[in-house]
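Heads up: the structure comes next, in C-alpha cells.
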Amino acid sequence: MRIHVINPNSTVSMTAQIGRAAQRAASTGTEIDLVTATGTPVSIEGYADEALAVPAMLAAIRTAEARGAKAHVIACFDDPGLSAAREVAAAPVIGICQAAVQVAVTLAARFSVITTLQRSVPIIEDLVESYGAGRRCRRVRAIDLPVLALDENPEDSYALLVAEIRAARDQDGAEAIVLGCAGMAEMCERLTEETGVPVIDGVTAAVRNAEALIGMGYRTSKLGGYAWPRAKTGGFAPEAA
Amino acid sequence: MRIHVINPNSTVSMTAQIGRAAQRAASTGTEIDLVTATGTPVSIEGYADEALAVPAMLAAIRTAEARGAKAHVIACFDDPGLSAAREVAAAPVIGICQAAVQVAVTLAARFSVITTLQRSVPIIEDLVESYGAGRRCRRVRAIDLPVLALDENPEDSYALLVAEIRAARDQDGAEAIVLGCAGMAEMCERLTEETGVPVIDGVTAAVRNAEALIGMGYRTSKLGGYAWPRAKTGGFAPEAA
Amino acid sequence: MRIHVINPNSTVSMTAQIGRAAQRAASTGTEIDLVTATGTPVSIEGYADEALAVPAMLAAIRTAEARGAKAHVIACFDDPGLSAAREVAAAPVIGICQAAVQVAVTLAARFSVITTLQRSVPIIEDLVESYGAGRRCRRVRAIDLPVLALDENPEDSYALLVAEIRAARDQDGAEAIVLGCAGMAEMCERLTEETGVPVIDGVTAAVRNAEALIGMGYRTSKLGGYAWPRAKTGGFAPEAA
Amino acid sequence: MRIHVINPNSTVSMTAQIGRAAQRAASTGTEIDLVTATGTPVSIEGYADEALAVPAMLAAIRTAEARGAKAHVIACFDDPGLSAAREVAAAPVIGICQAAVQVAVTLAARFSVITTLQRSVPIIEDLVESYGAGRRCRRVRAIDLPVLALDENPEDSYALLVAEIRAARDQDGAEAIVLGCAGMAEMCERLTEETGVPVIDGVTAAVRNAEALIGMGYRTSKLGGYAWPRAKTGGFAPEAA
Amino acid sequence: MRIHVINPNSTVSMTAQIGRAAQRAASTGTEIDLVTATGTPVSIEGYADEALAVPAMLAAIRTAEARGAKAHVIACFDDPGLSAAREVAAAPVIGICQAAVQVAVTLAARFSVITTLQRSVPIIEDLVESYGAGRRCRRVRAIDLPVLALDENPEDSYALLVAEIRAARDQDGAEAIVLGCAGMAEMCERLTEETGVPVIDGVTAAVRNAEALIGMGYRTSKLGGYAWPRAKTGGFAPEAA
Amino acid sequence: MRIHVINPNSTVSMTAQIGRAAQRAASTGTEIDLVTATGTPVSIEGYADEALAVPAMLAAIRTAEARGAKAHVIACFDDPGLSAAREVAAAPVIGICQAAVQVAVTLAARFSVITTLQRSVPIIEDLVESYGAGRRCRRVRAIDLPVLALDENPEDSYALLVAEIRAARDQDGAEAIVLGCAGMAEMCERLTEETGVPVIDGVTAAVRNAEALIGMGYRTSKLGGYAWPRAKTGGFAPEAA
C-alpha cells in the first residue's frame, strides 16, 4: 500500500526528518511517497503560512493520488487545509494533529500539547476543540522556539522539551504529551524514555492510521461536506483522474 | 475613510453586485475600494475553492493596505482566510458571516441561515459554532442552487429564498434570517419587506462594522494569534509597508 | 440619527463621563440622547442592583423611543435587562458588554476582561459565555475597587488597571483587553497607549454599533423572544406610541 | 419550618392555585408563607414582565425573611430574579424551573418541557442550558395558550397538555415531562395518570427541595456571586434585619 | 418512608460512618435501610474498583426494593453504576455526587470539589461535566490521601481538608465546597464552621433529596434510557418482584 | 502481534461473528485472541447489562494480557467498562464505538449512528458526546430490533438497516453511517455497496486501530486516570503479571 506523506512547507531537511519518522512507523509492504511542497513557506508558523502552503499541497495530493496513493498524511501539526484536502481526494486524508489527538484520548484521560511558538497556542487550542478533545486537553504549551530552530539546535530543543513535559505532568496533571510540531517527531521515543510520560508524535500516528484506513478499504465520503469540488474556472477538477 | 472590499472569487459581475451593496451601506465620506481577486475560482463552493482563493486574497489585502485601506471586508460568506487575513493586516478584517451573525444575535433570540448548496451546510454550521452562536442558530438551510445561478436567474432565486425564509420562520422558529451568500446581498431588503422577517445581509453588516471599527481607531492586535507573520522565504513580509 | 444612551444607575457624574465617551465615539450628525435612570442604585454591583435598575431603564427606553431614538445603548457592563429592553423597543438595543465582546473577537484571538469587584467575576463570566465568547475569553479579572471609586481616585484606578492589563497579557496570554465597567471608558485610549495592548471600551463600541445598525435600517425582530409585551395590567404597553 | 412561596405576578387566583400545590407538597410541620407580589404584571410572559416583577419580589423576600422564612420559592417557571434573590437572602432561594429540572435529570435520561406561549420557548431553552441540562432536554414545546387562560379554561388546557405530552413522548423520545408554568401545577398528577409519562411540577419540586435544604441547615453562600448587596443609595440594605 | 443507603465498598466501618451521617440527615419517620455491599473492593478509588462494586450494588438495590425501599442512595462520590441502578429500580436512585452538585449550584455561583486521590480528579471532572455543572465548578482538588486513611487519621485528614478549602476559596474563587468522598461526611459541619465556607456533603444531600422525591411520589421513568432491563440469561429480572 | 478481542456478552454465536469480522480486518501476522465473556448477559442492551458484563470482561483482559495480548478490543458498541479496562491493562484498550467514531470524523463532515433498540439511543448519544463528536453526529437512530434478532433474521435486519441508512442520508444529511452494534459487523460492506453511503463497523475499525497502536509501541498511560488499581481486598491486583 502506498501512503502519500506531504510536508506542506518547503524545507527539504524537514521533509527528510518527517520521512525518517514515517518510514520507522510504516509496516512492511507500505511504501511512503514522500513529497515536499514547492513554493510554500519554509516553515508554517501561523495562519498566513498555512494559507500560502495549502494550494500547492492540494495539487500534490491530486498528483499523488494519480500515482496511486491510497491515503494522504498532511505532515504539519496545524493540519492546514485538511478539509479542502478531503474534498479533492478520493483516499482518506489524515492530519497529524487529529491523528495524535485520537491516540492521546485512547491512552490517557488527560493530555497536554507542546508546540514551538506562543503564536500557535490559540491555533492549536481551536484545532483540538474542533476535534472534540478540548476538555481532555489540559493545556497547549510552547517552548518559544521557531520551527526551524528545532533542527538547528536539536540538543537545546530536546532539553526544552524535557523540561516542558515535566512541567505539563506536574503542573497540568497531563498523563500523556502530544508533540505539537512535525519537526519534533524523531525525538519522540527518547522523550518518553527520559520522562516516563507517554509522548505521542503525529507523523507516526498518522502513518499508522493511514495503514489502518487503507486496510479497511475506506475512502472519503463524497456525499456532503467533502464532496468533489464542482467543475469551474479557477477551481480543481471535480474528480481525480 | 477607505474600506477595502475584496471578492475572493474571480467573477466580476459578482464583485459588481457586492460593490452595489457595499456602496448602499456606506456612509457619506466612506470610500469603497472594491477588488476582485485574480486567478481564483469563479465561485466559492466548498473548502477547496476557499483554499485556492485565499493566497490571492491575502495579497490583495496587503496591496489595499498600502493604498490606505483602514479596514478590510472579505465578501464571501464562508469567511475564507479570515484569521490569515488578520495576521497580514494592520487594519481590522471583517468576515461577512461573522458580521451578519453579530447583527443577528443583536436583533433576535434565534435565527436561521439560508445558503446556496447543501455542501455548504456543515461549513457554515461549523463557522457559526466557532463564532459562539451555535445555540442561537436554529438551522442552516440550503436552496440547492449554485452561487452563480443566483445571478443568472434572479427571480427564481428570489422565489426560492422567499419560500425558504417562510419555512425557517414556521418550522424552525427563526426570528431573523441571515443570507448565507454574498451574491444574495441585493435581494435583502425586498425579502424583508415581502416576508416580514428581518433579513440580514453580511456585506452591508460588514461595511457598517468596518466604519464603526475605523471610527474607534482600532487595529488588529499583534500580540498573539494574529501577530505579524514571521519573515521567511515563501512567506509574507512581516509587516505591511 | 438619534441614539439613546441610558446610564442605568443614578449617579449623574457617571452619566456625564459616559456621555463624554459617547460623544467622542459619535459621528457627525449623530445626536446622543443621554439619560440617567431615576431612583435606581447609585452604582450597579451585583444582581440585585441590576434588578432594581431595570424597570426605570425600560421606562426610559420607551420614553426615548417616543422622542425619536433610533437605537438604545445600555451603558452598564452587566448588560442589565438587555433582553427585556429588546422586547419593549422597536429600535435595536445594544449592551456595552456584548458590543465590546464583538469587537474583541474581531481584533484578537484571545482576550481578558478587567472589572471592578470580585463579586462581578461570575456575572461577567456567565455573560461572556452566553454571548458565545467563553472559549476566547482567557479570564475575567477584578481590580477590587468599587465602581464609584473609579471616579473618586482616577489616578489610583488607572495605575491598578495598567498593572492588571500587563498581568493579563503576561499571565493569561490576552491579546486584547475589554474594560469591564462603563466608568472606565475615558481611560481607554490612554491605557492602550501605555500598555501597547488594544483596550476596548464598551460605550464607544456600542455607540458605533448603534450607528451601524441604524444605518442598515434594522429594527429588533418582533417574531419570537423579543416580541412586543402582551397587553396586561401591571405590564408595559404592547407597543411604543 | 417556614417556607416563603412568592408568586411574582399579581394574580391572586394564581397564587391560590400555587398555594394549594405547595400545601399538598409540604410535609407536616412545614408552614407555607404564601405571598402575591404587588404591583407586578398579572402574568409573566416574556422578559419585560419578568423585569417588572423582580423588584417587588425581592422586597417580598426580604420581608418574608424578617418574618422567619427559612427558604424561598420563586413560583414562576422563568425563575425571574433568581440570582438577585440569592443575593438579598440569607436563606436558600429555589426557582421552580431549576428545581424541576433537577428532578427530571434524576428520574429520566431525556425530558421535554411544555410551556404556554411560543415566545417563552427561547427563554426556557436558555434557562435549561444555563442549568446544564441542555443536552438532556429534548425540546421546549408550547401549547399556544396565555398563562391566565390556563385557569379560565382548565379542561381545554388539560386536553392541550395531554396531546402535547404524547407528542413529546412519541416525537421527541421524552421520558419525562416538565410543566413549564406554575399555573399548570394542579394538573400534574392527573396528567401523569392519564399519559403514563412522569410529569414534573416545579412548585412541588421546589417546596420539597426547600424542606431538604432547610433540614440540612444550608444557607446561601455570601462569598462571591451571591454576596450581600453593598450598601448604597437606591439599593437594598446589605443584610436582612 | 424507607430509604436504602448502600455503601458500594465492603468496609463496614465506612458504612457505619455513612449511616451516622444519613441518620443525622433523616427526618423523623424516615427509616434508613443501611447496607454494605458484599465482596466488593474495600474502597473505591478508580474505574476498576467502581466496576467491581456495581453488580453487588445492583443486587442490593433489588433486594432493598423488595424490602420496601422507596428510594436508593448510592453512597460513593463517583456515583458508580448510577444509570444501571436507575434501570433496575422502580424507586428513584440518587448518587451523592449528583445530589451534592445540585445543592452546590443552588447555594453558590461557583464551587470547588475536594477529593482524596489525584487519580480521581479526571473521574470527578467528567462526572460534574456530565451533570451540566462543569462551568460552575472551579476546580476538582485532591488531598492525596487514600479513602481508608480518612478514617485512620481523622485529625490529619481534617487538617488537610481545612487547608484545601482555604486554598479553593482564595485561589479558585470557590464560594462553596463539595466534599468528594463519602468518608468525609461526618466532618462537614465542623469544616463549615472552621472555614466559614459552606461545605456540602453528598450523603446528607442525597438522603434529603430522597425524602423529597418520595414525598412527591416520583418513580424512575421506565420509558427510555432507564426502562426495565430486558429478560435474558445472565441479566437482571425485568422487574422487581 | 496478538490482539485480544473480547465479546462482553456470553453468546458464542455472536462471538463467532465478531471473530469473523476481526479476522477479515486483521493484517497478516496478527493473531486474534477471541474470547467470550462467561456468566455475563447474552446480549448487552442497557446500563444494567453493561454493568453485569464488566467484571468478567476485566478479568478476561487480565488473563489475555498474561497470554501476551498487546492490545484489547471491547467488542460491544456501548464500550462497557472502557475506562476500567484501561486501568487494569498495560496494553492499549480500544472500544468499538470510540474507534468507529474516530474513523467517521476522518471520512465525513457529518455522520449518523444506527443501533438496535430505542433504549440505547441516549446511551450512545452520551457516549458520542463524551468522545467529542456530538456536533458531528447528526442523529442516533434505532431499528427497533433486539441484538440477538440481528442474527436470527439476518435478511430482515439487513432490509431495516438499508432503509434506515437511506433515511439518515436523506433526512439527517448524514455523509457516513456508524453501525451501532457489534452484531451488525458482517453486513458492513454489503450495506456500503447497496446504499452508496460509507458504512463504518467498529470491530473492523478497532482491530485496525489496535494494530496501529501496537506498531507504535504505545501502552496505556499509568500516570493519572488510568493508573494501576491500588492493591486492596476485593480489588484487582495492581499490575498484570
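Read from first to last, the chains carry the letters A, B, C, D, E and F; within each, the first residue is number 1.
The working rule: contacts are C-beta pairs under 8 Å (C-beta built on N, C-alpha and C of every residue); 3 or more make two chains touch, one makes a residue touch a chain.
These numbers come from a predicted model, not from an experiment.
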{"item": "Graph separation of chain A and chain E (steps between touching chains)", "value": "1"}
{"item": "Least hop count linking chain C to chain F through chains in contact", "value": "2"}
{"item": "Gap in Å, rounded to a whole number, between the CA centres of chain E and chain D", "value": "27"}
{"item": "Computed distance of Cα centres, chain E from chain C, in Å", "value": "43"}
{"item": "Multi-partner residues of chain E (at least 2 other chains)", "value": "83, 109-110, 118, 121-122, 134-135, 173, 224-226"}
{"item": "Pairwise chain contacts under the document criterion", "value": "A-B, A-C, A-E, A-F, B-C, B-D, B-F, C-D, C-E, D-E, D-F, E-F"}
{"item": "Of all residues in chain A, those that touch chain B in their complex", "value": "9-10, 39-43, 45-52, 54-55, 58, 81, 83-84, 86-88, 118-119, 121-123, 126, 130, 146, 224-227, 229-230, 232-236"}
{"item": "Of all residues in chain B, those that touch chain F in their complex", "value": "118, 121-122, 125, 129, 134"}
{"item": "Of all residues in chain B, those that touch chain C in their complex", "value": "25, 27, 83, 92-94, 98, 102-103, 105-110, 131-136, 169, 173-176, 189, 196-198, 200, 204-205, 208-209, 211-213, 215-221, 223-226"}
{"item": "Partner chain F, residues of chain D touching it in the complex", "value": "109-110, 135, 173"}
